[in-house]
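Working notes, structure below.
When the chains are written out, they are named A, B, C and D in that same order, and each has its own residue count from 1.
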Amino acid sequence: METIGVGMLGYAFMGKAHSNAFRKIAYMTWPPPLEPRLVGICGRNREAVDEAAERYGYDYATDDWQRLVDDDSIGLFDNGGPNALHAEPTIAAARAGKHVVCEKPLGRDAAESFEIWRAVEETGVKHLCAFNYRFVPAVRLAREMIEAGELGEVRHFRGRYLQDWGDDPSLDTWRFDPAAAGSGALGDLMAHVVDLARFLNGEPGSVQGFAHTFLPGRKVDDAVEAAVVFENGSVGTLEATRFAHGRRNALQWEINGTKGSLSFDMERMNELQVFRADGDRARGFKTVLVSEADHPFWEHWWPPGHIIGWGDTFVHELHHVLEAIANDRPIAPYGATFEDGYRAAEICDAIVRSGESGAREQIRYRQASA
Amino acid sequence: METIGVGMLGYAFMGKAHSNAFRKIAYMTWPPPLEPRLVGICGRNREAVDEAAERYGYDYATDDWQRLVDDDSIGLFDNGGPNALHAEPTIAAARAGKHVVCEKPLGRDAAESFEIWRAVEETGVKHLCAFNYRFVPAVRLAREMIEAGELGEVRHFRGRYLQDWGDDPSLDTWRFDPAAAGSGALGDLMAHVVDLARFLNGEPGSVQGFAHTFLPGRKVDDAVEAAVVFENGSVGTLEATRFAHGRRNALQWEINGTKGSLSFDMERMNELQVFRADGDRARGFKTVLVSEADHPFWEHWWPPGHIIGWGDTFVHELHHVLEAIANDRPIAPYGATFEDGYRAAEICDAIVRSGESGAREQIRYRQASA
Amino acid sequence: METIGVGMLGYAFMGKAHSNAFRKIAYMTWPPPLEPRLVGICGRNREAVDEAAERYGYDYATDDWQRLVDDDSIGLFDNGGPNALHAEPTIAAARAGKHVVCEKPLGRDAAESFEIWRAVEETGVKHLCAFNYRFVPAVRLAREMIEAGELGEVRHFRGRYLQDWGDDPSLDTWRFDPAAAGSGALGDLMAHVVDLARFLNGEPGSVQGFAHTFLPGRKVDDAVEAAVVFENGSVGTLEATRFAHGRRNALQWEINGTKGSLSFDMERMNELQVFRADGDRARGFKTVLVSEADHPFWEHWWPPGHIIGWGDTFVHELHHVLEAIANDRPIAPYGATFEDGYRAAEICDAIVRSGESGAREQIRYRQASA
Amino acid sequence: METIGVGMLGYAFMGKAHSNAFRKIAYMTWPPPLEPRLVGICGRNREAVDEAAERYGYDYATDDWQRLVDDDSIGLFDNGGPNALHAEPTIAAARAGKHVVCEKPLGRDAAESFEIWRAVEETGVKHLCAFNYRFVPAVRLAREMIEAGELGEVRHFRGRYLQDWGDDPSLDTWRFDPAAAGSGALGDLMAHVVDLARFLNGEPGSVQGFAHTFLPGRKVDDAVEAAVVFENGSVGTLEATRFAHGRRNALQWEINGTKGSLSFDMERMNELQVFRADGDRARGFKTVLVSEADHPFWEHWWPPGHIIGWGDTFVHELHHVLEAIANDRPIAPYGATFEDGYRAAEICDAIVRSGESGAREQIRYRQASA
């Protein structure tokens, strides 16, 4: 079986999630498009990265990402580091001819994200921005139903990502450092909302809203609120917060169309709520347990009803990348490219600007210069 | 038992709901503060209003509301007519010394609502704007919990009222006539969202958003979307629509505080979702079936778990009015006064203006002139 | 409008529920088949029954049920008294030519229930045993769907009625007195389960199970458990208890057929869960909000989504009785007759016998003697 | 790191589930008690087992289980083959000094299960019967809460395992062959219900019920129904079926005690419903998302709210086995031993006997002969 060498930047939360996925791809998706070989992993804490290499089975650990870039046995560079470390290593890896995966948000703002996208796009390698929620079976099923016209004309998209761990002034991680993170709930959570809005409902045309910080002294935003108009004529609300007690990982969205509605909550990620305006006397939202043989990604898994977990979304996502590499197929539209990463950032920034100016902001994407 | 004569304007949806409530008050709330005597009912369709009088037991029917105003045996004038018929009869009744109940929205816009409030306030009668959802036991319980500080400092309020009957161009009722209704989803649905936001979370400080019309030729708004900042520092979203297939009467809100969260859906009106950030290892939202002996309004009803219906909210609401009249107690804060009706309209109008100008709108209430 | 005089035995829980229903029928169901006129109400506590007469509007109160039996202006005798008071007054009223309604359980055991049924049946009057849950819109919809073959061949019926108020040794009402009540959870709760099993799935053929008492000194059963085989070949479980903390009025049942399934919980009585094995890729249980214009009983109520309460089931039930009287139509099959009341008792008794003997009990109904 | 060689019998559903778990243990549980080394895998279809060896990374494939038994590099023999292949290879492996894991049901009936248990027990190796649902975090949390007395005295246990794939006469697998499977829903599904009943609520004392076959010509049972009395004085129902349309993997149980209740559904395996009878005015079942740092097994996984899947229960289960081996700790009480496997079979057989005789069956466990 053909293999591909993987170089991983980051060994903590995302490093674990991606490494687990690479290992499971080798046997859960069978046969895999390419067998991932874990070559090198990079992190700043030498002891921790050594342990991570042993734990996940990388050939070596390093505290110098340049070593991964220079390693010819690595064909895929996966960046799961802090946001401030997305641009330089990812661009360097792409310029070294490696395919690249980068965690979201792509850059710390739209300008940086644009720069990353353009630099990488020019190299011709495959690039995926790791909006993993596109790879939840229920989300993909939703996309397929919408593409097939099952919702008719869309009237509403309302999305929110609610978490509750931010209401603690003593928290002190890179996620609260503007230089490292770029933003707070905006890039961490709203970026996901915006990506799913685009994935399921197309481009937003304008936003009115704001980012907000609750805690005195906190240097990034804690919550983001917006009203939105989409180019397809639908309207809705977008929200992200780290201050919603009781909501642990509640990425929720609902979409209403002329023929039906869909509703989703990541805390019940194996379920999709489906309403069909079909005139059945017994009408209502169906709780669809998305685990059937004819459901997305399910060829990799278990008999119906035997549900999967959050970590498995990365199996689907990275499998998609490997398939794109193996067969020279595009990442888009089911995977998010760096262009999608950039576009999400542009929308996020527009909400911030709307908050600063008080004015409605049109979404305008930068053009690649000739 | 002391009685009070009731004059009712309107015999259709709201006329039925209010008449039912007056009749049930006489025996379900025991002893009632005042026994309602159904004196006269008014409507434009002579045949229909005659039937309504017979059906609900009014002494007489009329197509001239002035007759109700002139009838000295009527002590309470209840206006359940179309929005355009709110101002004149209600003011006239109050000036004739009758206590007044008026369906929401109070007027067709903030200006008219202000005028109604001021004119009626000057007469000294009791006035209630029929935001009946304040009288859902779960909503009252929420209010009591918030007042008792059980949520701590509030961070978020998100409210939406989703219905799905508007997506039909052939619909032709007064509700789509701007002259009769003033607005569409705005006054019909958003007014409820805004009133509950104020009831549970206090005054909004500013809004950014818009009203939107989907159907060509429709003369009122179909949906309203907004981001909102409250004076207490909390933020959130507000939404109302008649275009959400599968949502029949989904007035939903959630409120997150530093000590806990509450969540509600009118389609499951007997339930309140309660999260307490109390460190219990088994933490999560409780589904509270609001039907216990120590729950609001339950002294009127059944053993625990024997739930009530939408129509019963009017029993609580009009009972509250009768109690205020009988004992000269204020309608506020648990009932909505005409001032509350006006304030809801001011916020609704601000969203519309924000949509027209694209700018953030501060909520500023008109002052009663000296 | 033609009227019918009503005589009511009992003024507490069931007296309130039935009186409320008679009053609402007069205007909520329009035009009513007969207008109920509340003539007399009977109870042993003279002060309480006097107040009840005033409260609900009965012409007179009495502590002698014979007075109701002797009153020619009474056409319908409604027995909501304790179980021990079901037989004699109900039979006497029927023999006096009055139509009769009797709360469940019909008698304190199968023998007494049989006697009541036979005695009343011979008089030719209409008789209804007040299994009110047949008159929940969701339950009626289920029945209609089953009758229409929408479930195919039934495989399973599992029913349970869970309450939680019994776990208190200090409780001391007639419900714990074997002479007054006949049994505990058996007649109070299991009778409902058994009636719905018969209503939705037909006759049970045999049961294996038992009644059980948890509290030392308690003289009636606290819980009942059984496995059951139905004559149509389906199988399942039946359960009733007053010892299920957190379940307040949880009458729950599920029925599985070759074409689909239905599921119900009385605590969410406005909802029916519907699964159709129709091959839709998006398959799952629908949460049907049973409140549409084409749903059972909804012609009496509100716009869709505006739900009703437990008390409203009695409006449907007693309306059914009035319609049967007015138009000489049968109570069965949608209403429960005294024969249904007797049959439920026979099944309940069979479970008790199975517990005593340890043996499977066949359900055998007594034959009316020639 | 110390390793242990694994020999696997079976490569299909359970072979995949167990192999996946062994591989994930090596890095998700860190450091693992022993690093599993996949040595050999056995199956009858030569081509399929060759592929499985390559896929999951076993050193070799074989169609002769004796080879695994004879292989000294194998320290743990894992039997995921059809039920008829449980006894001989498992006993042989244990006698060869290997620790053993065996899928449930342990044997095809109580007699065979007893024989397997006794034979293996005598060898002194560790043995686990793979009742994996004990290793769902929510189930373990329930056990811990019950052990800590949080439910008080237990009154009820009701359990059911509902699936819906059996209603198809064309199905033809070893699961419908009595010689290979021993039984149908009984050993496949009811065994799980019975094991969880014992795990959470202790020993059943007697059962009344039956096994039932719907389809003509089917040679195993399709459904099982029982009423049960437990030795601790609680009572309830037990059910298993493959004929419940819409229920895909619905292992559901509820337990009611004097201080509270717990409820669970495997289709929402990350959630535990918790009711505390603590007098809180806001009382109700909490939906606990069992994914917190202080929840069972969560040290291996992700931040709160990032849920896991069905396959991950095997990670916990086999990790438990490795820990028991590495540190010579007992499998019981959190893992199911072969004695637990035998006891489940004894209870299952008692239900069958009750169905045949119609009589209540006492649960009596065989004694190991001296």
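Heads up, the rule we're going with is that a residue touches a chain if its C-beta (ideal position, glycine included) is under 8 Å from a C-beta of that chain, and two chains touch if they have at least 3 such contacts.
What you see is a predicted model; the values in this text were computed from it and never measured.
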item: Graph distance between subunit B and subunit D, where chains that touch are linked; value: 1
item: Chain pair, A-C or B-C, that carries the greater number of C-beta contacts; value: B-C
item: Inter-chain centre distance, subunit B versus subunit C - centres from mean C-alpha coordinates, in Å; value: 36
item: Whole-Å gap separating subunit A and subunit B, where each centre is the average of the chain's CA atoms; value: 41
item: CA centroid of subunit A to CA centroid of subunit C, Å; value: 54
item: Multi-partner residues of subunit A (at least 2 other chains); value: 247, 283-285, 289
item: Of all residues in subunit D, those that touch subunit B in their complex; value: 141, 145, 271-272, 274, 276, 281-289, 292, 294-295
item: Contacting residues of subunit D [partner subunit C, same complex]; value: 155-156, 158, 160, 162, 164, 167, 208-210, 212, 214, 223, 225-229, 233, 235-237, 239, 241, 243-247, 254, 256-261, 275, 277, 283-285, 354, 358-360
item: Subunit D-facing residues of subunit A, complex; value: 13, 17, 19-20, 23-24, 26-28, 30-31, 55-57, 163, 165, 247-250, 266-270, 289, 291, 301-312
